[in-house]
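Lettered A, B, C and D in written order, each chain numbered from 1.
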Amino acid sequence: MRKDAGIVLAHLAAPVGFLGASSLPTHLVLGFGLAAMTALTVADLRASIGIWLTLCLWCCLAWFVIEGAVRLSAAFVAGRVRRYLLSPACWVDVLSVFLVPIALICGLAPPTAWLFASLWVLKLAQHSSGFAQLGRVFVLEAKPLASVLVLFLIALFLASAAMHVIERDGQPAAFGSLPAALWWAVVTLTTTGYGDEVPRTHLGHLLGALVMICGIATFGLWTGILATGFAAESRRRHFIQTWDLVSKVPFFQTLDPAAFTEITHMLRRVEVPPRTAIVRRGRIGDCMYFIAEGEVEVDVSPMPVRLGPGAFFGELALLGDLIRTANVSTTESSTLLILDLADFRTLMAHHPELARAIDAEGKRRLSENQRRRELYAHGGV
Amino acid sequence: MRKDAGIVLAHLAAPVGFLGASSLPTHLVLGFGLAAMTALTVADLRASIGIWLTLCLWCCLAWFVIEGAVRLSAAFVAGRVRRYLLSPACWVDVLSVFLVPIALICGLAPPTAWLFASLWVLKLAQHSSGFAQLGRVFVLEAKPLASVLVLFLIALFLASAAMHVIERDGQPAAFGSLPAALWWAVVTLTTTGYGDEVPRTHLGHLLGALVMICGIATFGLWTGILATGFAAESRRRHFIQTWDLVSKVPFFQTLDPAAFTEITHMLRRVEVPPRTAIVRRGRIGDCMYFIAEGEVEVDVSPMPVRLGPGAFFGELALLGDLIRTANVSTTESSTLLILDLADFRTLMAHHPELARAIDAEGKRRLSENQRRRELYAHGGV
Amino acid sequence: MRKDAGIVLAHLAAPVGFLGASSLPTHLVLGFGLAAMTALTVADLRASIGIWLTLCLWCCLAWFVIEGAVRLSAAFVAGRVRRYLLSPACWVDVLSVFLVPIALICGLAPPTAWLFASLWVLKLAQHSSGFAQLGRVFVLEAKPLASVLVLFLIALFLASAAMHVIERDGQPAAFGSLPAALWWAVVTLTTTGYGDEVPRTHLGHLLGALVMICGIATFGLWTGILATGFAAESRRRHFIQTWDLVSKVPFFQTLDPAAFTEITHMLRRVEVPPRTAIVRRGRIGDCMYFIAEGEVEVDVSPMPVRLGPGAFFGELALLGDLIRTANVSTTESSTLLILDLADFRTLMAHHPELARAIDAEGKRRLSENQRRRELYAHGGV
Amino acid sequence: MRKDAGIVLAHLAAPVGFLGASSLPTHLVLGFGLAAMTALTVADLRASIGIWLTLCLWCCLAWFVIEGAVRLSAAFVAGRVRRYLLSPACWVDVLSVFLVPIALICGLAPPTAWLFASLWVLKLAQHSSGFAQLGRVFVLEAKPLASVLVLFLIALFLASAAMHVIERDGQPAAFGSLPAALWWAVVTLTTTGYGDEVPRTHLGHLLGALVMICGIATFGLWTGILATGFAAESRRRHFIQTWDLVSKVPFFQTLDPAAFTEITHMLRRVEVPPRTAIVRRGRIGDCMYFIAEGEVEVDVSPMPVRLGPGAFFGELALLGDLIRTANVSTTESSTLLILDLADFRTLMAHHPELARAIDAEGKRRLSENQRRRELYAHGGV
């Protein structure tokens, strides 16, 4: 039996939220631009369709000029010109627009000048909140990460000096100078292993094996630090994002602060577009929903019921046999808070008063449905 | 001294549960089919035993046709044809069965047409619940993973554009066009390092070293995100799976909800086939067992005792010197819940009433054994 | 200022505990044997010192024969012959001793026959408890790990079939058959990247890039699963190991079970050889010690005090300015439980009665020292 | 809207704290020295500017001699000569200073003798506390890491013996001896993959694939162990570092020990140089600050207020709409404790008395500001 949408909603919401729904045209232009710029460096394509590629690139550039102008004027209207001019987003806009023309004016050959268009790829990161998060992990774990880098540098220098001494007589081209040996050490410590410079003596093999194992140990520490930092940052961000929405649900406002904090850690936010089915009758349900913003329609007979901000639904399946008893879909763009089955049970166990409140609300809703159905039956016939 | 089976049961149960005991023939057919398909692409084998390999492949295809038909009719009987037709399992069945014949009809050479049989490998994933779990991790962590991918793309484009400028004069074949440089950047950022394209200048080496270190940093973030996501998902799934079984054990139904939630987090479910020894007298025991479904036989003198659903055993060793005092084996296919020594002690510490209940039950059982032994001795002689 | 030994003791204890102090000669013999076996395969060395290498190998074999005989007779004395014969340790002993002679008798050339001596390396794992732990992680996470392996297999087959089609015309030697393409796919998915088979077309490069990114994603999942599993297993094992020792300390027996469980999670066990300095006056101390087994001598004037099992020391530094006030060393082989500064403070905060007890004991000891010093001064002069 | 400095302060503080602000000249000298030493091994550069490079190296050496002498005399003044002579920092100093001259006296060619200058890179690690932390992780996880290394050794020996047998006839140069096969196995198990030795037979490919997968599994375990160990160590170190500072804040001294422990886990220490803006009016604020040491100036009208050790600021934004209402900057070098928004809310929920105290202090400050403004208005005009 298939499950209902539940968590898949979060899935669909994520990439849209990431790229920014309104910036889809920009991303299309960006894709075309980068493809044209890449094609322009291939001699065959440049000879055959070079003129069309250049045209395409100029169109992309024009788009970015317009986009930047729109953004600047918006900042002007909002009285934030100075703040915008100092932001990284503005720097990206400026680099995207001015570098290629300047390079052309300076007399660079067009295929080379257009290489500066590769900076357009920075526009992908321009409006993303994900980078702030990754950046925080690096910032907060800067000290241990720096220690690992120093370990890496020490291993690099000592290994390359030793390998230079060991192999320089046998392979003067590959290990005859320290810069060449450093290149070997970097390629080996990162376990990239091009194979353009390889030790050939037994002593060299022994040192090489040691360097590879050092590389894996260093790499493991690096990953461990980032994993630890990311787990902490992930919990923190989720809590901040959910708190404000949870405050809007009246049902939670009666909770004592400790329970409020607990439920904030559990809820997961999801944005749903209008007229989207959330729950389907007969499907297996493993979560319940609270409405933070927007409105949903519950398809019960004799006539559908509408639930607004602060209401919840889907709790009947969790209390019973996990089978959904009605269809629910949004009527407008809504923000829902999803409470997972596992968290629901933990929460009910820790806060019996919450369990009673949800139970009472469920019964009230069932009896009201019953009453309405009777009313309808009496009045309708 | 060796330990008793305990956790090894979980081991044995896992792969069977993963592949699905009933689908063993399908997996054998799958293995033969993929091997035959692989062999058919080798010119020597095709010349010598090509006819037998093709025969084998047709047999496999026939098996999959039959299997698909059986599954369709089963869905028809259960009135779920529409749901089956829309499921990914059905798409895999259809692709497995129809692609190769269609390719042959379209006039492709047989060895090429049979390459579509490589899609049969998807059948491995057809009935596995493990993928839902891995999929959820990717879904829930989609946003930070997408940020890492964007970082990867940015590093890719900027590095390849720079390397193209640096190395194109020295190595026009390897770095003369941006697509070639992009290939180098992908190979280096993922630390694969084929070595078919390697920078040769000092500046190129410096940039290459930077790209490798970027690759490791990106990879570390990626691993950290997946580790964080997997830890959360793993806890959640375990809780959901165990909850229903724990509800069936009467001993736990008297617990207050908070204790019930706590013990659900601790128990580990395991399926045991009939007539399997679980506990051996004299072995070291580091867990106790609750019977969720099925029946076990405890081999105490003068006659064995049978314990049904809701009973528990193995607690005497944990309360005493960890040495098992009796043999226990299943009489029918059973589902047991394993409580680890560490968790047992934590639980006893937090819930003294549970400790008393287990202690009382243990004493009751010992005295009953004593009484029965006396009864038997009196009556038997 | 340097810290006192504290945690470094755990360091020194670990490898000794790992290799087993009593098996040092076996490990030396093992090292010599493997080195001789490796040297014997080098033609130059075989020609020059082959006779000595063979002699060395026979000596090693004789040692293992004796060792196996000793172990068998010990098992015989303890009445556990059957259990020993079924244990993996016995299999390793049998393989180590019999395989090489059998190979020689079967007529294999000596350098080839002695290759079976590489199985001696299994003796490293023969008596290690660390493998049980790593094994448990694999067992408990078998299901998700199997899912990752299936993902790996699916990516492997689909990628190699596609690459075979794309590249077989251009590079018939490298991609002309599916087995060759499978080899490329394995080398690429694991990010090993030998570079012996590399795609050359643009489409091949695109597919190759995709395969590398899949490889990193798969690898990240694999690492995440193992990290999650190892964290859980690590906590569990530590708890089990410490529990029994903690039970032996009278000071903890008065604790309620919840506090007992909490402190068991915090303490770290360490074995200290006799006559070893543990605490040095004037050093910085960041932990306190409980004596589980053995005896220590505290070097206070006018005469040293001896503390036996159940006593604790080093708490004065944690309560004061972290500077040690006396030298402490073991008089016999002892087992200590280390309580870290961070855990000490957390524990004192959660259990004020424990804080009071430690404080009272510290004061009692100070006043007793004072009293004894006065006594000594009066009696001595 | 941009956020205020908050966590970025921690960022700026980290590398300075890591390298040690006072050792910046040493690091510059170190950089020049290593660069000159590297350049000296390149034949072209040696021929053209070798004399200048050597001069630069002698200058660096002189600097290190002076630095070592200063450190020794400082130790002499402090009466710690013996402790300094036994410390690793001293060994690094001695090696840095004496090795190169000794090598030159022994008659080594200058470019070779100066290679010992690569040991100068150890000075990077000389005064770093980060290494103690990484070292502790390795020490505490020594046992499982050793198990993984043994697994690695076992895989290494068995794989190379098998590959030697399989491939020695086809490729006598690459796999003809066990040392050569061991080199292949190391390169493959660490997924480095130089490609200088590659199996060519089908059986060799199969074994190679197995070895690569073993390598990834081993690597995953290694990373998992380090990640687990690092998470524990990271929590511990943070707690120790913060405890002493928290004790200095009078506001926290009234807390019961459990709450004190909780808040110590939450606070993050940051060193701020004098005259640095911490909070800017109108920015988004996601943390509040406690002053452990130093002084800040809050820019409120009619005249700024100064806050000393024990005071806190920035709480108004967290209690309200997250917008900062005043500029705050340091007047002298200060140590602040940062409390994150997420932790602030959790803390307020768990400790209502703390919430009331912060609220009362905030109101008191507002009313005082009001009063002062009125006073100023009356008196000023």
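A few remarks follow.
Keep in mind that, in the parts below, contacts are C-beta pairs under 8 Å (C-beta built on N, C-alpha and C of every residue); 3 or more make two chains touch, one makes a residue touch a chain.
This structure is a prediction, so every number in the text was calculated from the model and none was measured.
Interface chain C/chain D: under half of the residue numbers present appear on both copies, so the contact uses mostly different residues. When the CA atoms of chain A are superposed on chain D, the rotation angle comes to 90 degrees (nearest 5).
Between the CA-based centres of chain B and chain C the separation comes to 27 Å, rounded to the whole angstrom. Centre to centre, using the average C-alpha position, chain A and chain C are separated by 38 Å. Counting partners per residue, chain C has 179, 182, 191-195, 219, 223, 225, 227-228, 231 as the residues that reach two or more other chains. Residues of chain B that touch chain A in their complex: 83, 87, 136, 139-140, 142-144, 146-148, 150-151, 153-154, 157-158, 160-161, 164-165, 176-179, 182, 188, 191-195, 198, 202, 205, 208-209, 212-213, 215-217, 219-221, 223-225, 227-228, 231, 235-236, 239-240, 243, 256-258, 260-261, 264. Only residues 2, 7-8, 10-11, 14-15, 17-18, 34, 37-38, 41-43, 112, 115, 118-119, 121-122, 124-125, 128, 130-131, 133-134, 137, 152, 179, 182-183, 186-187, 190-196, 219, 222-223, 225-231, 234, 286, 340-342, 345-346, 348-350, 352 of chain D touch chain A when the two sit together in their complex. Contacts from chain A toward chain C in the complex involve residues 191-195, 223-224, 227.
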